[in-house]
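Scroll down for the structure; my scribbles are underneath it.
We call the chains A, B and C, going by the order they appear; numbering starts again at 1 in every chain.
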Amino acid sequence: MSFEAKLKQLNIVLPAAPQPVASYIPAVRAGDLLFLSGTGPFKDGKIVFAGKLGRDLTVEQGYEAARLTVLNALAIVRKELGSLDRVLRIVRVSGHVASADGFTQQPAVINGASELLVEIFGEAGRHARLALGAAELPLNMAIELELILQIR
Amino acid sequence: MSFEAKLKQLNIVLPAAPQPVASYIPAVRAGDLLFLSGTGPFKDGKIVFAGKLGRDLTVEQGYEAARLTVLNALAIVRKELGSLDRVLRIVRVSGHVASADGFTQQPAVINGASELLVEIFGEAGRHARLALGAAELPLNMAIELELILQIR
Amino acid sequence: MSFEAKLKQLNIVLPAAPQPVASYIPAVRAGDLLFLSGTGPFKDGKIVFAGKLGRDLTVEQGYEAARLTVLNALAIVRKELGSLDRVLRIVRVSGHVASADGFTQQPAVINGASELLVEIFGEAGRHARLALGAAELPLNMAIELELILQIR
């Protein structure tokens, strides 16, 4: 099954690709690698999960935020490539979690991203990953994800 | 116009390439990708923008720091390649902003880097980007930038 | 001398490759680049350096933690490739140091990783590097390293 068909089967509708909040572009291709800009939990152009984990948001909310952020990243990919079916492999995900002092469950939060990628892309969605606790994130978003993909 | 000529036209003089502050090297090439080490707002071997945004420095100062940091990164590129004209594309910029609690304007700060890259490289300077708030940065520098370039 | 032989000569025994603490995989190959997931100072499946530099751990302990983390990363590489001798080059190391307020000696800490890589791989171990102070790291580990390698 194609990745676009899988998305439909999962009843997932991608949001509009978020606009960069500054002077850069959403994705750059170099060879067969596609480097995405960092993106966050946007819906209709607004951040819907703001604040820090361990203070303002529960792990469950962080998980949802990571899931939503992946949808925004995939919206960028589709806009860039025309179709998710040009994805060969999710290579690397770096996941940055706005973290209050003492919050160390970043992996459980970023799983919201990782598990959705595997749901959609299957084996091709299994990626290397980095989960980190950020002091602060742009616009007070709770999660920022950066993906590197291999594409055809 | 070549990128070196553009630099001259903009009256920009690159600083001496900064020395790594520890046991690593400034850049490594793999295929047509050039990975730069993180660098900061150095001038004559000294950090000229120290401290945290949101406490010690204004957004305007952070913007200047990001601009200066790009010059240091480009000095590394020129030293490595002989000339900026071997740059095919700025692929990805990760921008780390030392951030006091509650500072969330990292994008406005890192624009100092992004806008200068576009000034110098035009379309080839448009890059994917990640802006993050760091708890602390080496040597108390306000900004650390890491670039990936595609080169010929 | 092969890298595996060098390891023996240095009397270094790699630990068992750490298991991902969540739903991702330890390494992904794209072309001749190998992207490793972030890993930490594990021994027998447990984190042995926890807490923050500048509060809970000295720079010397951080250095040891970075050294141990490299061993874990190399255990992943060997498991993935069968032998360290398939490494062409260590390309890029990003080093994240859990940092208490005011701790800015991240480079001295990450040197524990950089110096060991050069001990083992010689010229091929000299890498581009990024050292950053993280607000928090997964599972309260003191160090997280992420490597990109070029392999044959």
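The rule we apply is simple: a contact is a pair of C-beta atoms (placed from the backbone, for glycine too) under 8 Å apart; a residue touches a chain by one contact, two chains touch by 3 or more.
Owing to the predicted nature of the structure, the values given are computational and were not obtained by experimental measurement.
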| item | value |
| --- | --- |
| Angular offset of subunit A relative to subunit B [C-alpha, multiple of 5 degrees] | 120 |
| Chain copies touching (subunit A, subunit C) - same or different residues, decided at half shared | different |
| Distance from the mean Cα position of subunit C to that of subunit A, given in whole angstrom | 25 |
| For subunit B, residues that touch 2 or more chains besides their own | 31, 94, 134-135 |
| Subunit A - residues contacting subunit C, complex | 31-33, 89, 91-94, 99, 101-108, 110-111, 114-115, 118, 126-135, 148, 150 |
| Residue ranges of subunit A in contact with subunit B within the complex | 20-28, 30-31, 35-38, 94, 96, 134-140, 144, 146 |
